[in-house]
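Next, two complexes with chain A in common: one pairs it with chain B, the other with chain C.
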Partner chain A sequence: MSILSDIPILSFILLSPLLGLLVILLLPKQRSGWMKTAAVITTLVPLILSLWLYTDFDKQQGGASFEEQHTWVEVPLNKESQNGVSEFLFQFQYELGVDGLSLPLLLLTALVSAMAALAAVHVKKRWKAFFSWFLLLETGMLGVFLARDLFLFFIFFEITLIAMYFLIGIWGYFKRERAANQFLIYNGIGSAIMLIAFVILVNTAGFRIDQVGEQVNFIYSGSYTDIFRNMADPTAWVNMSPEQLGSINPFLMTDAMQRALFIMLLVAFGIKLPIFPFHTWMLKVHTEATPSIVMIHSGILLKMGAYGLLRFGFLLFPGQARSFASLLAVLGLVNLLYGAILAFRQREFKLVLAYSSISHMGIVLLGFAAFNEIGMQGAVFQLISHGLISALLFLIVGSIYERTGTTELNELGGLARSMPFLSGVLLAAGLASLGLPGLSGFVGEFLSLLGLFESMRWLVAAAALGIVLTAVYVLRAVLKITYGPLPERFGALRDARLVEAVPMIVLLAFILLLGCYPSILTDTVQLSVEGLLKPIFATRAGG
Partner chain B sequence: MDKYTQAAWIIPLFPLIAFLVLTALGRSYRRAGVFIGSFGSLAAFAMSLLILTDRISGSEVDYNDSFDWIAIGDYTLRIGFEVTNLTALMLVVVTLVSFLVNVYSAGYMKDDERITVFYGYVALFTFSMLGLVLSDNLLSFYIFWELVGVCSFLLIGFWFTLPKARAAAKKAFIVTRIGDAGLLLAILLLFWYMPDHALDFTTIQSVFDGQSGAITNGITTLIALLIFLGAMGKSGQFPLHVWLPDAMEGPTPISALIHAATMVAAGVFLVARTYDIFQDSAAAMETIAYIGGFTAIFAATIALAQNDIKRILAYSTVSQLGYMMMALGLGSLTGGIFHLFTHAFFKALLFLGAGSIIHAVHTQNINEMGGLGSKMKVTAWTFAIGALALAGIPPLSGFWSKDLILSIAWEMNPLLFVVGLATAFCTALYMSRLFFLVFTGKPSSASSGAKESSALMTVPLIVLAALALAAGFIETPWNGWFGGWLNDGAEEAHDSAVAIVASIAVGLLGIYIGWLVYGKRSVSSSALRESTPWLVKVLERGYYMDELYAAVIVRPLKLIGSALTAFDIYVIGGIVRLTGAAVSTAGKTAARLQNGQVQTYGLAAVIGFVILVVAIVGRRFLP
Partner chain C sequence: MYEGVSFVPLTWTDMLYLAPELALAAVFLIAVILDLLLPKAVNRQVIGWLSLAGILASLALVVIRMIDMNQGGVSAEAISLLANSYRIDDFSSLLKIVFLTGTALIVLLAIGSERDEGGIADKAEYFYLLLPALMGAMMMASSGNLVSLYIGLELLSLTSYVLVGLKRKSVLSAEAAFKYVVTGGISSAMVLFGMSYIYGITGSVDLGLISEALPQAMIDFKALAYVGFFFMLAGFGIKIAAAPFHAWAPDVYQGAPTPISAFLAVIAKGAALAAIFRMLYSIKLFNASGDPYMAKDIYFILLVLAASAMLIGTMTALGQKNAKRLLALSGVANAGYLLVPIGISITIVHSSNFSEFVFYLVAYLLMTIGAFAVVTVVSRAVGHEELKGFAGMYYRAPWTAAAMVIFILSLAGLPVSGGFFGKLFILLGAANAKAYWLVAIIVVSSVISYYFYFGLVRQMFMRSGNDDSEIRLSAATGIVIWVCAAGTLGLGLFPGPLMTWIDAVFSITGDLIMGR
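Right after this comes the complex of A and B.
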């Protein structure tokens, strides 16, 4: 056991951005430089801690995870006591935990947040409010990946929603308010559906009976651990049929209910991912929000959709998820090809990247749909990889826009002449995005397709078309911007400054590291794939 | 003894380190760039030579080492290297040509402000190509396969400000990627069908060689064809050849290194490396043979009508690669690899010679040249050797390898023999046209001021010319040493007198006709052109393949894209706007007191809260 298990490190990670937020609130309003510095330093704290956690976690055998748990809220329900029952309780926990699935995403969040804080040098107004919302957003995102209680998860999910709403609506481009509203409506609907699903889960799978001496407590628990255990336990209330029980079971979850719940979760998190046809809201966010915020949006927030789908959809309803494998695969293929073809036709670089995100998230769905270890690894790898790559791409977009005042492909050209470094990084990021081996994109793509190939060969053959299309749209856009003749008005542009170059190099280094040495990620994820996800794969034999 | 072979993994490290140092140095150290780049490839060449001597002096055990790259449960994906006779040969070819091109570029690129970047890319390419050659399994092969592709892309687009270079680079990447997708699918198939999910060449060999029946015929054919699709992309086989002529937009030393001697031969190498799979499938073998043969004659006829010296050589490369594929398809590993070996030298020589000419006259149009023979003696003589080798005139290297292929075709497939002969004739004709137009006749305005290039450029020409002269003697009708060495003793004997006589005859005939028209000019070339203007036009445009692609693939793709864009904006976007309007109307009626964007959030929160309350309260009314 290490020193890490003796201190509440997860809470440290979660709450450190809030401490920075307090500091920033105390700083004088005009001192933008101080606030930027404070924000960057603040984001380094969770980054260092989660890096530490990651290296320490890796050494542990069997994937024993860090957990913290405190009972947080208990709501007594005054239901009449019957048969010696003493009390009915709603119990919500302050429960945090990491495992091989959430830890890489936690680290990604901390990393991209720190890089986005650096990229926020381009923000030009209301710095105090910006960095306050920014740090609140970071806590929300960290919380989403740390939370092990359904309502805690929901609260953090909502925090990210509110913070994003203001960050888009105030600091975005021309049509920012419309973008913010659309973002909110869509995600609000997703949250509402998620909430209904969670409430039903707490009321069925969350039910347990605690007996402390004479006192017998009937508890509706929001704890993910409880719910997960009950769902998998055939003797838990949630799985007992009336015949087995000998009486009516109000906590029984029938097959139809399971199916409905899975579909609800699929829609709720599918909006976030986004799954076609729920994707239009994110186009507006990509084009209208300020680049440092898009880094976070595209780099992390989309991943919350995939994570939620995995954690609540797949792990709680393995049988249902399995029966939807073909649907997931088809949705993934549609995302992949639809996004790629549309990205090919866009005239604006940010829209190219937005559709590219849709396309790349399709690969995540394909990996999920494989329902084997390789596909699952591929999907998680793709999440991390796309997070890094899209963050890097939008970092560059910010720097280009800052200099040229445009992201229209037709107005750009030849930038490699005046900005060789920036253009080189853009080309490298583009190559990573189109899946060049040696960079991270390839591994996620390859493992996802390799996994899916076991069960759905023809689908993978169609997906291979996506590999070609990706090269087409990435090269079209990147070469349009950097190659060709340099328009005269861009002749005097300066290459990246140090403060811009540092996050680019850091992100590129991670992309290269994962591309050359993928086991650094897959070995960590494998700890969870072997333990947690086995039930999902096991259902294959039967169904 | 295997004392050097065991350290083969060091070879790619030399150019890799050169690349890293060059990247770190930046653009300011121009001279250092040349030295670091050249030294990296020289060291790699020396090491490769030692290994080749190891192999020739009789070590028979293939050396192999690998490690886990990704381990997922019971599955592992590995990266590894292996030295066989074939790989040892390729190592020497790659490092030698790379070193010569490095030296040559010191002269050719000396005025380019980005020469350090150039040397960096070349070093990266050499590293990737060596990694590809050494790979012991298909996955690591694929990784390096993609890397050489991207280096090729970077170097084609090296003069990135030119729109043509940009277009050519993009085209090269995308067209070869079509083939790569096929290779990727082949790897996926192999992974799931091979025992223990093995992807290494040794296991592939034993599984397919023994005809163990582990994999059915249909799947074997499918795998073989998908692998071949990958090879078609990289090695410019019809119809995926269209990128290679355009790739001539890159600097000429690159055309010699990547687009003549090494990378474009990687497809042939791939088929040779997985040859056991192909040998298990007669259908696949036939496909290769016919596609190769067709590509050979197809590209050779196009080369007849081109006027750009580099495009002639590019189509010639496509044609010769077709020859190699045809040999493999006809069942002769030796024939394919032998021609790959000789072709690497004489075609690199021809490209570097062309570079020397272009450097002197600043045009690539052969009609604007002329009379260069007296002004550039070294270039002219070495070019003549290269051209004669390519035309298959004894005793130059190209004759022996081409003759071997024709002998096999004579025995196996008369149709392909005729195709091969016709190709040989066209080859001799277009090379003699090229040679006489450039080096003989009256000097044009462009060539009047031409001078011989510096020693940095001519010495590599002389070395390559010596190899083009002599490299063929390792495998002749009376000496089957090379075939025996390559196939571990299983020697193939092919010495058809018919083929020898016929191939010499068509070669000489082609040269003679070329001389009549373009050298002696007793037949007017313009009269020839005017007699069949449509044919000249068709050949000049390369049978309108680019136009065909534009009509069949590019334009439909754009149309689909536009249609889907409209669909996205109006249909899906329309539904969204409707929903949005409905929600905000509801929001306005529900919460008039609030204003601005906050109201919308309030609405979402209210919806959420109401649902929460209903769910909790409603729960209690259930039984």
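Right after this comes the complex of A and C.
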């Protein structure tokens, strides 16, 4: 046993940004330097803790020993126990846990948040409010990946929504308010659909029977564990029943209902991911929000969509997911090609990157659709890798914009001469994005497509075309920025400062590490893929 | 059936049970006389503090009575006074606590904002007329028969007509008072008309006796029973401003002094909802053996009313430019949310409708009074109540702006706030009763409401106003705002204790369905 399992390490990770938030609230208003330092130091705490957790992880039994569970809210449903039926309760837990799926994403969140806090040097007003919302956002994101209760998950999901709304709307560029509004409404709709699905799930599959002495409690629980067990085996609750239930069947879920729930979850998380027709809001956020926020948005928030889809859509409804596999594959392909083609047409670098995000999320969907271990691993790998790469790219965008005041491709050029370091990192990030072997982007794409090759060969051929397009648009944009004639007004620009260089180097190091030594991630994911994804693969045997 | 009028004498013990109401009446009379006797030079805020003291005393009496009643067993036997026309039970006590707390906050708000309501000539009335209105609300929660219910309703309505028109120099206030008198009159008439039918077919005004006589009456006079119940529901529908009976609300809330708008939004609405709750559940509609369809129809109509209130309330709020009109329409939507636990059926699995109802009422009380308090602050600083006036609040009063964010999150049903859990409990109840269409409407209307609630946030945090001077607020207003904000946050973090407590003291069979 390690020291980690004796302390509530997950709660520490989750709540440490809030402590920093309190400190920042107490600092004097004009001391922007102090606040920046405090914010950076605060974000380092969850980073160090989750790194420690990560190294300690695979020695444990799938992270089970880290789990924390406390009953948070318990609502009695029928006090007048009529007909001798015992008490019914709603129960929400404060339940945290990690497994091979969430741990890499947790680490990614902590890492990108810390780097984004460093990148926040470009924020020029209302620092106290900025860093308060920023740290609240980090708590929300960490909570999303840690929560093991449906409503706890939902609450953290909404906290990120609120915090992002303020961060986009106050510190963004010219059309920030519209971007913030669109973000709020689109994601609000997504969360609403998710909430409906969750409420129905809790009221059906959340059923559990607790027997304490004589008292028998029938509980509708928000706990993921209960719902997962019931969904995997619809008769599980019967075994617990002390023959008191009589004719009531608390858990009745028809196929049609399961399909409806799966589609709802697909739409809810599809908006966040974003899947093709629901993507317009994220373009606005990418172009209008301040770079350090876009790092978080593109690096982590999009991943929340994929994570939610995997954890609640795929793991709870493996059968339904299976029957939607071809649709998912087609959606993924559309994302991949649509994003790539439009990225090629853009004149604004941030939009190139935004469409490139859509394109890369398509690969994640393709990996999911493969329905085998390799595909899943590839999808998760692609999530992490894209999180790192897009965070790095937007970090660079922020530094370029800070110096040149523009991100239009036509106005930029020749920056390699005045800013060799920045241009070098940009090129490296671009190469990682287009999937150069040896960098992390390659592994994710390769594994996803390899997985898909097993089941849908013709799709992989089409997807390969998309990857070629990626190379075209990335190189077009990167070369336009770094080479060619240097406009006169950019002649005197200085290269990246140390505070900007550090996060770039760190992110690039992680990209290289994952590219050269992918098993450091795949081994951890493997642990979960074997255990958690069993029901998914089981459906293949059946049909 | 008619055997002449006989009066039930009021004994001293009865008087003891009625102490909270009598305390209010006494303080009201003292305030009226004081207002006449005190010289003009004396600031009438004294009467405000006196009213506040009276309300707090009454609150203490209710709490003492409730503790006393719940000492013996899990849930105490209800006490019925005056031939069951007035009932002291946990249902009424819980709601009285809510109403008294809400009115105490509103009086405090009125004291804090009294200086700037320049148009109000009769400042003392502003405070002491709230007391009989509150008494009316308490009577509605306590009434055991239709007559005392109607008297409570009229006491509440008549005093609030006066309160709405208190700003004598304001045209808007006069218009509001007139509109409120007319629609309120129609509402009372409809309630009374419906009651007369119910009396006609069952031969009684007592809720328990109606319950017994209803199955037979349903066989004999089915259509008349429908007319009776639906007219009563429509009448109460106007009082709670549930769409399509809501058209008066924006005008009246806009014209009335802001604390009075808050009173109408919270106390008047809550009292009418309590009356519906009490009436429908005491009459045992849900197992009216005579005709199961009627109960289904009535509950279904309630849910339709709820759905239309949520949708129409949020849709019409989208285009509002005035903060008080916006809050009025948000109140329409909230009336819809509050109707849901009344309308969803009680099953073996799920019968916690009342705790869901009270929890959301408390959350609604805190966030609405808080939001109205912020409106008084802003309108005093900028001289009007348009949404534009909120611009630059972040710079002018950062802490008040922060409190307003809490209220807005709660109103929009976002975590971490009392409004979120209130809505969630209602939602879970509806899902448990398999009313999935209603679940969808609750959630969708909440999302629509983001648009206008966050419009306010946009004004406060993302725009800057013409004036950057700091806004100062009076201590009383500050207390109201922060009590409400703390309560809203507290309910958002720890919703369990309140729910458990309500559930521990309240029992449908003991407190609502009258055993006879």
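Going forward, the second predicted complex is superposed on the first by the 519 of 543 C-alpha atoms of A that agree within 3 Å, B and C clash if a C-alpha of one lies under 4 Å from a C-alpha of the other, contacts with A are read in each partner's own complex, and residues count from 1 in each chain.
Following the convention adopted for this analysis, contacts are C-beta pairs under 8 Å (C-beta built on N, C-alpha and C of every residue); 3 or more make two chains touch, one makes a residue touch a chain.
Predicted, not measured: the structure shown is a model, and the values here were computed from it.
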{"item": "Which of chain B and chain C A:V199 touches, first, second, both or neither", "value": "both"}
{"item": "Of chain C and chain B, partner touching more chain A residues", "value": "B"}
{"item": "Which of chain B and chain C A:L184 touches, first, second, both or neither", "value": "both"}
{"item": "First, second, both or neither for A:A232, with chain B first and chain C second", "value": "neither"}
{"item": "Touched partner set for A:A501, first chain B, second chain C, both or neither", "value": "neither"}
{"item": "Chain B versus chain C as contact partner of A:L513, first or second or both or neither", "value": "neither"}
{"item": "Partner chain in contact with A:P76 - chain B first, chain C second, else both or neither", "value": "second"}
{"item": "Chain B versus chain C as contact partner of A:L15, first or second or both or neither", "value": "neither"}
{"item": "Touched partner set for A:P437, first chain B, second chain C, both or neither", "value": "first"}
{"item": "Contacts of A:A471 with chain B and chain C, given as first, second, both or neither", "value": "first"}
{"item": "Chain B and chain C footprints on chain A, overlapping residues", "value": "77, 79, 90, 158, 162, 165, 169, 177, 180-181, 184-185, 188-189, 191-192, 195-196, 199-200, 203, 248, 250"}
{"item": "Residue ranges of chain A in contact with chain B within the complex", "value": "77, 79, 90, 158, 162, 165, 169, 177, 180-182, 184-186, 188-189, 191-192, 195-196, 199-200, 203, 248, 250, 277, 279-281, 338, 341-342, 344-346, 373-374, 377, 414, 416-417, 431, 436-438, 442-443, 446-447, 449-450, 453-454, 460-461, 464-465, 467-468, 471-472, 475-476, 479, 482-486, 518-519, 522-523, 526, 529-530"}
{"item": "Parts of chain B lying in touch with chain A, wherever the complex brings them together", "value": "68-73, 75, 142-144, 146-147, 150, 157, 160-163, 165-166, 169-170, 173-174, 177-178, 180-182, 184-185, 188-189, 191-192, 557-558, 560-562, 564-565, 568, 572-573, 575-576, 579-580, 583-584, 597, 600-601, 603-605, 607-608, 611-612, 615-616, 619-620, 622-623"}
{"item": "Of chain C, residues touching chain A in the complex", "value": "347-352, 355, 394, 409, 414-416, 420-421, 424-425, 427-428, 431-432, 436, 439-440, 443-444, 446-447, 450-451, 454, 457-458, 461-462, 495-496, 499-500, 503, 507-509"}
{"item": "Of chain A, residues touching chain C in the complex", "value": "72-80, 82-83, 85, 88, 90, 129, 151, 154-155, 158-159, 161-162, 165-166, 169-170, 176-177, 180-181, 184-185, 188-189, 191-193, 195-196, 199-200, 202-203, 218, 220, 248, 250"}
